[in-house]
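Just below sit the structures, each encoded as structure tokens.
Two complexes come next, and they have one chain in common, chain A, joined by chain B in the first and chain C in the second.
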Partner chain A sequence: MRPLTEDESKAVFTKLANYIGKNLIHLIDRQDEPYCFRLQKDRVYYVSESSMRLGISVARPNLVSLGTCFGKFSKSGKFKLHVTALDYLAQYAKYKVWIKPNGEMPFLYGNHVVKAHLGRITEDTPEHQGVVVFSMKDIPLGFGVTARSTVDTRKLDPTAIIVFHQADVGEYLRDEDTLF
Partner chain B sequence: MQRNSNQSVTVEKETPLEVDPGYLTVTDLNPVDEESYNENLEAHLQSLARDGVQALYASLFTLPTRPSPDGPLAQLPPPKTQLPRAKPLPKPKPQTKWEAFAAAKGIQHKVRDRREWDEEKQDWVNRWGRNGKNKQIEEQWITEVPLNADADYDPRKVARDARKERVAKNEKKHAQNVTRAAAAANPRDARKTDIEKTLATTRISTASMGKFDKKLDGEKKIRGVKRKFDPTEKSVSDEAKASVALLSRLESDAKKTRREPQAEESVLNTRKAVRFASKGRGGLALGREAAGGRSSRGGRGRGGKR
Partner chain C sequence: MGRRSKNKQAAPEPLEKKVWPTPKKLGKRKADSDSDSDDKPSTRPTKKIKDSKPKAHAPDSKAVIDKAKAKDKGKSAAKKGKALAKPASDNDSGDGWEDVNSDGDMDKDERLAPFRYGIDDDLEGFTGNLDEIMDDDNDDDPLAGTVQKFDFDTDQEEDEIQPVSKRKKSKQSERPLKIIPTGSDTSDDSDDEGGRVTMANMEARSRALDAKAAAEAELDDEEFQGAAASDDEDEDLNMDEEGDGDADAEPFHLPTAAEREAEKQKGGPDLMVVQRRMRECVRVLGRFKRLAEKNRSRSEYTEQLIADIASYYGYNEFLAEKLFQLFPVAEAIEFFEANEVPRPVTIRTNTLKARRRDLAQALVNRGVNLEPIGKWTNVGLQVFESSVPIGATPEYLAGHYMLQAASSFLPVIALSPQPDERVLDMASAPGGKTTHMAALLQNTGVVFANDTNKARTKSLTANVHRLGCKNVVVCSYDGREFPKVMGGFDRVLLDAPCSGTGVISKDQSVKVNKSERDFTLLSHLQKQLILCAIDSVNPDSKAGGYIVYSTCSVTVDENESVVDYALRKRPNVKLVDTGLSFGREGYTKYRGKTFHPSIGLTRRFYPHVHNMDGFYVAKFKVEKRSKATKVDEAAVHSNFTVPLGEEAPAEKVQEDVGFDSEEDRPYLEEAKRRRMKSKGLRPPPRSKPTSTTV
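And then the complex of A and B:
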């Protein structure tokens, strides 16, 4: 377990900023308890200071997980967000997409969101913007990237992809052993 | 012959004494009189010294004076004698690659002025640095866009990237010149590191990448560059501060290429306002309408289908 280097922090922050924008500051500078980012076996964990200090005394091979796993670094140094970060993303998301009940299952099986399943979308969402996907009952289901801006979606046919799938809560079952 | 002139004020020698009042120095260039030297050394030296001092005093009294509380002071002229320098001459600077090339080709060095003439402003402007001419395209309020440019073509970003690239290239060249100069200054060390590098490369250039090769006696393990990380138990508040600083740096980088304020910063949502004002047809249509509102093309409904 170690703190992130500057390049790693940059990679993590740019990814997170794509979803929550300036709210990222609320993750770094928290009022309730100091939190920090820690890297352990290529995975980035968002941990409170107290549990981080407890974790220091655990040897590296024995430490399986701590805090909230935000994602992992690929071998080529790119950062990939995991669905485990969804709680924080949903809390601070700038742009949101709500999908209809008949679209929930297809999305939870890892498919993209098509226009027919689109319930609501934050207005003025630009193209290629990170969005958090909610069910109509405001339950966060996952996140993705918009394929078109809100204005452009009007003209599309119902089968056109609106949001590219990136992660969904179905991964808790599908990728149970590698997720955390 | 010195005996007779012992009490004289004027010193007469075969070769006249060289007096440099600036250094208060007298040089006697006459050959040593061997006879008097051998007869009585002390007396000979004393007479030589007296003559010298006499000549020095005589020259001092001819100098212009300046009154002072302690009596008149002679004003010494600047020294005439050329003294050798105390330190060795500086070594010539190692040539850069360009300088070597220019010398070989006989290219003359032209000193470029730091400022250049701006026709539009009718004034001298900095070539680089603050308000530099090299940032003109990035800073001017309107820029021409090529006809076949993409929709997201940003001339400001293109110009800035090109400038940054030039700077990076120059820095790279500078670093290469520095290492080349260091290698030239100490060829033995340079050769040594070169051989070590080559050896390290050959050792991992086998089919097993050096894993199953026969080890030679006294062969050391190849060590790469050791990475260094911050300690895990560092103060979290310091870490948060560093993260906030990094964030603001990321933001400022993004802002430098994009001039218009971020949507979340201003109270007015420009895109939404334009959409509302143009009834969803975009800013271009709105502008056309405003420009052609009084012209013959006129009308809102007809204007769209031309």
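And then the complex of A and C:
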């Protein structure tokens, strides 16, 4: 477990900023308790400093996880967000997409969001913007990237893809082995 | 729906001192437990039981899914009526006997039915009898006059009715005819393999019971008459037995050792034979003096019964015996029966993300039929039926609930972690209890979730993240390393690895793959772990300093003996109340072993009593190593050491310790001889040196 290097922090923050924009500052400057990012075996964890200090006493090979896992660095140095970060993303998301109940299961099986399943979308969402996907009952289900801007979606046919799937909570079941 | 509702979790019985006597006292126990409860379950008409219960239960169930009920009122109301009928019977019956009785009414399981009825009709006579003599309540008192009846053999009932025969005849004539049919009804049922209780049949029975109750009320008026009636009843009972005998055509004969051998040669007995034999053995062991064959000992019956249980339910003999010894005979059978039936599916609301009411509503909309588990938990829901897989709904994936057995709520409830504490879960995978604790901490403080098995930490981590627990550190150590890795915890939960004899209904393989050695190894490991857990706790903790030890096993060597061991090894811990409102008390004495008396504060849970997995929970409080004793010890020690350092006694001690060369000489000589021999020299003859020394 170690703090992120300059490059790593940059990779992580740019990725996060894609979803939560300026709200990123709320992750770093928290009112309640200081939090920090830590790297442990190529996974990035977001954890309160008090937990982190206690976690230090666990030897590196024995430490499995602490706090919330945000994602992992690939071997080529790219950062990939995991669905485990969804809690924070949903909390601070700038752009949101709500999908209808009949679209929930297809999305949770890893499919993209098509227009027919689109329930609501934040106004003025640009193209290729990271968005968090909610059910109509405001349960966060995952996140992805918009294929079209809000304006453009109006003239699309119902089978057109609106949001490219990146992660969904179904991965807790599907990818339990590779996720951690 | 009626079928499902029979799986409904019984509401926990109120915590009351229940004495479970040894099998020998079965007869008396019956009387005691009956006289304890004001109402007489056996004499009360069956309809009344059903009616009275929904009232008691209605409020809590209504509170949770009232919306759902508003939607389809008629349906759910009907369902509830049925669903509640069952727990009613469970609830009434503090002890297993009535349980069997009422089960017999409801249960449609054809395989089990004959057996139950066997107990059933036995009981009916018996309880009826005791209810009536309940007025004089101390039936073990020789002066009561009823005792002598118990000493008679079955054949001699003609003799015993002699003294009151006149009165009896009149009684019988005035009694409604239905009563005798009741007995025969049930015995018919037991003969009939289907064992079905038809509507008409039920009605008849309830009417008979009504009549009986009325008759009893009459009898209660005059005490003397009551006593006479008890005699009367007793005769009824005997007639029942006779009827049984007629139906079976031959009296029960316990196979001898040779016969059993022969049977084994033939490749094991027929299932029906085994079933019948078990039934008979239970009956005989219940009233041994009276029903046993001459010159056959109790142990022979027990042995036969255990062997039959092992073959009928598919246990190995060792485990069957081990489990059999935990309970009185009839209860043991219930336990084995309960292990064949799956426990209800339960879920725990994740209070970090959802409220139970909202969750219940959301799941009902998805076509899940559920209800709160009971009053003892406000996060549990019991699932009766679901049209969607309950482990893959969007709510599940979003972390609003966790699939978790009702029994695994208990240790966490007992531990009751408070916000801002540091908590350790020593064997945590797959994380049901860990996430429950994190939820109780409201994501403050820190939870250390440890599990030895690295592969299992994957699912643990997944669950921790899914349920949004942000204060959890997952690590993978052997639990026994723990105070070294980190100590100073406010609370520790040790859900120890165990044989799993409480969850046989989940994992049938336990029945055959556990041997004596497994139990020894496991209890050894558990003893090591519990000491580590105790040592990991910070005794100076303000609100905490607690340990909860739990297993999903029912055997004594994994539970009480481990706890007793911990109490003996660590004088600064003591047992405290678990804070659980139900459950049986832990054994303080078991088969000749006597444990610390405070082990009565621990709690046992059984599948056949509480309709949850067999479970054991003990809660310790760790106190500071008291200074007083420490000082004393130090004083004793210094008293002992100081004189050594001083003049006069020192010499004396030296004298004591010094070598005595005279005494040592033979040994020296012997060593010398050996040395010479090994060098190939010829040692001097032995007689000489010994003679010189002596």
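Just so it is clear, the second predicted complex is superposed on the first by the 179 of 180 C-alpha atoms of A that agree within 3 Å, B and C clash if a C-alpha of one lies under 4 Å from a C-alpha of the other, contacts with A are read in each partner's own complex, and residues count from 1 in each chain.
Note that a residue touches a chain if its C-beta (ideal position, glycine included) is under 8 Å from a C-beta of that chain, and two chains touch if they have at least 3 such contacts.
This one's a predicted model, so the numbers in the text were calculated from it and none came from an experiment.
Undergrad: Judging by the criteria at the top, classify the pair chain B and chain C on chain A as clash or fit.
TA: fit
Undergrad: So in the superposed three-chain picture, is A:P106 touching just chain B, just chain C, both, or none of them (first/second/both/neither)?
TA: Neither partner.
Undergrad: How many degrees apart are chain B and chain C as seen from chain A, counting from C-alpha centres and rounding to the nearest 10?
TA: Spelled out: centre of chain A as vertex, angle of 140 degrees.
Undergrad: Classify the contacts of A:L54 with the two partner chains as first (chain B alone), second (chain C alone), both, or neither.
TA: In the superposed model, A:L54 contacts chain C only, not chain B.
Undergrad: According to the stated criteria, A:G119 is in contact with first (chain B), second (chain C), both, or neither; which is it?
TA: neither
Undergrad: After the superposition on A, what does A:I28 contact: first (chain B), second (chain C), both or neither?
TA: In the superposition, A:I28 contacts chain B only.
Undergrad: After lining up the shared chain so the two structures overlap, which partner does A:M1 touch, if you call chain B first and chain C second: first, second, both or neither?
TA: first
Undergrad: Least CA distance chain B-chain C after superposition, rounded to whole Å?
TA: Least C-alpha distance: 16 Å.
Undergrad: What residues of chain B sit close enough to touch chain A in their complex?
TA: It comes out as residues 229-234, 236-237, 239-240, 243-244, 246-247, 250, 263-264, 269, 271-272, 275, 280.
Undergrad: Could you please specify the touching residues of chain A with respect to chain C in the complex?
TA: For chain A paired with chain C, touching residues are 47-48, 50-51, 54-55, 57-59, 62-69, 84, 87, 104-105, 108, 135, 137, 139-141, 169-170, 172-173, 176-177, 179-180.
Undergrad: What part of chain A is in contact with chain B in the complex they form?
TA: Per the touch definition, chain A meets chain B at residues 1-3, 5-6, 9-10, 13-14, 17, 21-22, 24-25, 28-29, 34-38, 49, 52-53, 56, 94, 123-124, 151.
Undergrad: With touch defined as at the start, can you tell me which chain C residues reach chain A in the complex?
TA: Interface residues on chain C, with respect to chain A: 362, 391-392, 394-395, 397-400, 422, 446, 448, 454, 457-462, 464-466, 468, 470-477, 485-486.
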